[in-house]
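Each remark here refers to the structure printed beneath this line.
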Amino acid sequence: MRRTQDPPTDPAAYPFTHRLRARFAETDAMGVVHHAAYLPWLEEARVAYLRVLGHPYDVTRAEGVEFPVIEVACAYRRPVRFDDEVTVHLRPAVCGRATFELAYLLMHGDTTVATAVTVHAVLGPDGRPRRTPEWLRALDPSR
Amino acid sequence: MRRTQDPPTDPAAYPFTHRLRARFAETDAMGVVHHAAYLPWLEEARVAYLRVLGHPYDVTRAEGVEFPVIEVACAYRRPVRFDDEVTVHLRPAVCGRATFELAYLLMHGDTTVATAVTVHAVLGPDGRPRRTPEWLRALDPSR
Amino acid sequence: MRRTQDPPTDPAAYPFTHRLRARFAETDAMGVVHHAAYLPWLEEARVAYLRVLGHPYDVTRAEGVEFPVIEVACAYRRPVRFDDEVTVHLRPAVCGRATFELAYLLMHGDTTVATAVTVHAVLGPDGRPRRTPEWLRALDPSR
Amino acid sequence: MRRTQDPPTDPAAYPFTHRLRARFAETDAMGVVHHAAYLPWLEEARVAYLRVLGHPYDVTRAEGVEFPVIEVACAYRRPVRFDDEVTVHLRPAVCGRATFELAYLLMHGDTTVATAVTVHAVLGPDGRPRRTPEWLRALDPSR
């Protein structure tokens, strides 16, 4: 797999935060949020981040550009319960020629509940890989 | 709302059955399957039924015809638990000019766990209502 | 089925509103929000409503009282798309001895996108039906 | 993160296979299965594998032992479409003192669509880590 780094656990390392609440529908019979439910949370935070950057994902999609997830990794450290408020901290990570990575830190109060990474391809209107847009490349902290 | 009838609770009244198993991801913190998870089960049974009728839904969709759900009603009678095998009994109900209804009976062993109805529109390639196809109208038991 | 009424389509008839945004994970290959995804939205609005009423659902559950959905009906009038903001209007409806109903009106801007009803049982710590609490009965508009 | 290896892409390296079909509810507005929907597929295959091993997960859970996912990684190589049949190949990987790993290869026909790894903790009735059961340790291919 392609992922290059572990997400930092210091919230100060993340330029963007998004808050949400765990839905009852997202819990499972262990009494905690099911591990699959975190992925839409990462996505919701990502969409909010793109909006704040001035590149709303629905506009990008209307222009024919998609950012499909080509890899995800998530480490679950503490359970999240129904109605818990979760803060998703997000930071851009390495950008490749036609891919980019985002890192996530999920906290409930002062507790780190999960860290995650998503890797995205950049696809053009023809469905083929396309050079990562300059506004995304500019976010690469290693640049 | 549009729904015209209550689904019968006698499995013999249903010409088609589809079996599935409750996934752990479908349970919630009450320890039983979450009520929203039943709707994809109805859909899975519907898709299997259309396949058996010789009109697979992916083919119908490739021809530009969609059957979006415009109404759903579900009555939950007994809880379903993780790994329970559920039999979805399905029967066509009334067909309208540009809509049709399906009725469902969900059983776990000899126990009725739920009954449901879905009402569907028929949309053509232009996204506009279209006459219910003859092969669907022919299924209407009241006809 | 048990549901007694159609939800009004005038937002002024609803005492409570809750806003949310359609997630990308909630869309389907028709390009709109999948019909099953509305049920967790109703639930999220319901949980927010109980919190505002001073009876947060996590507290109620910790006291051993559950409000499982025993019936749901939803009529889909207009599609909802990715990133659309949806306002869920909620109002209490009829309360029975050991059940209660809630009605919902979902709007995107000035457009009614769906109406819905959920019927709930009241279960005690022993998992058996229990008299609807007085604070819920007091909300019954027909009372 | 903890994951130690990339899953092999040769199906012959996997002792267990489980087949399923992509549900319409699992697709998204890109017209393909949403990346979060693969995680319940891995889980469904895992549950089927434990059943075949003679240790059904519902029995294990009834005995108070849980195998929560503490890490997941998934690489998406080719899109999966509605109604595609997917074969989930599964193999046990490294077992730790109180954890174990499983590797997955997902194929549609002869095409590799994804590879994945899940890492699980072993928790006892008190909710605390517990030694990985001998029947699981015996599966470790590196042993």
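By letter and in written order, the chains are A, B, C and D; residue numbering begins at 1 in each of them.
What we mean here is this: a residue touches a chain if its C-beta (ideal position, glycine included) is under 8 Å from a C-beta of that chain, and two chains touch if they have at least 3 such contacts.
The shown structure was predicted, so the numbers you read here are calculated from the model rather than taken from an experiment.
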Repeated interface matching B-D, over half of the contact pairs identical, chosen among A-D, A-C or A-B: A-C
Pair with more cross-chain C-beta pairs in contact, given C-D and B-C: B-C
Rounded Å distance between chain A and chain C, as computed from the means of their C-alpha atoms: 29
Between chain D and chain C, distance of the C-alpha-averaged centres to the nearest whole Å: 35
Inter-centroid spacing, chain C versus chain B (mean Cα positions, whole Å): 22
Multi-chain contact sites of chain B, meaning residues that touch two or more partners: 24-25, 29, 36, 39-40, 43, 61, 81-82
Residues of chain C touching chain B in the complex: 1-3, 6, 29-30, 35-37, 39-40, 43, 61, 66, 68-77, 79, 115
Sites on chain A touched by chain B in the complex: 24-25, 27-29, 31-32, 34, 36, 81-82
Footprint of chain D on chain B - complex, ascending: 21, 23-26, 39-40, 43-44, 47, 56-58, 61, 81-83
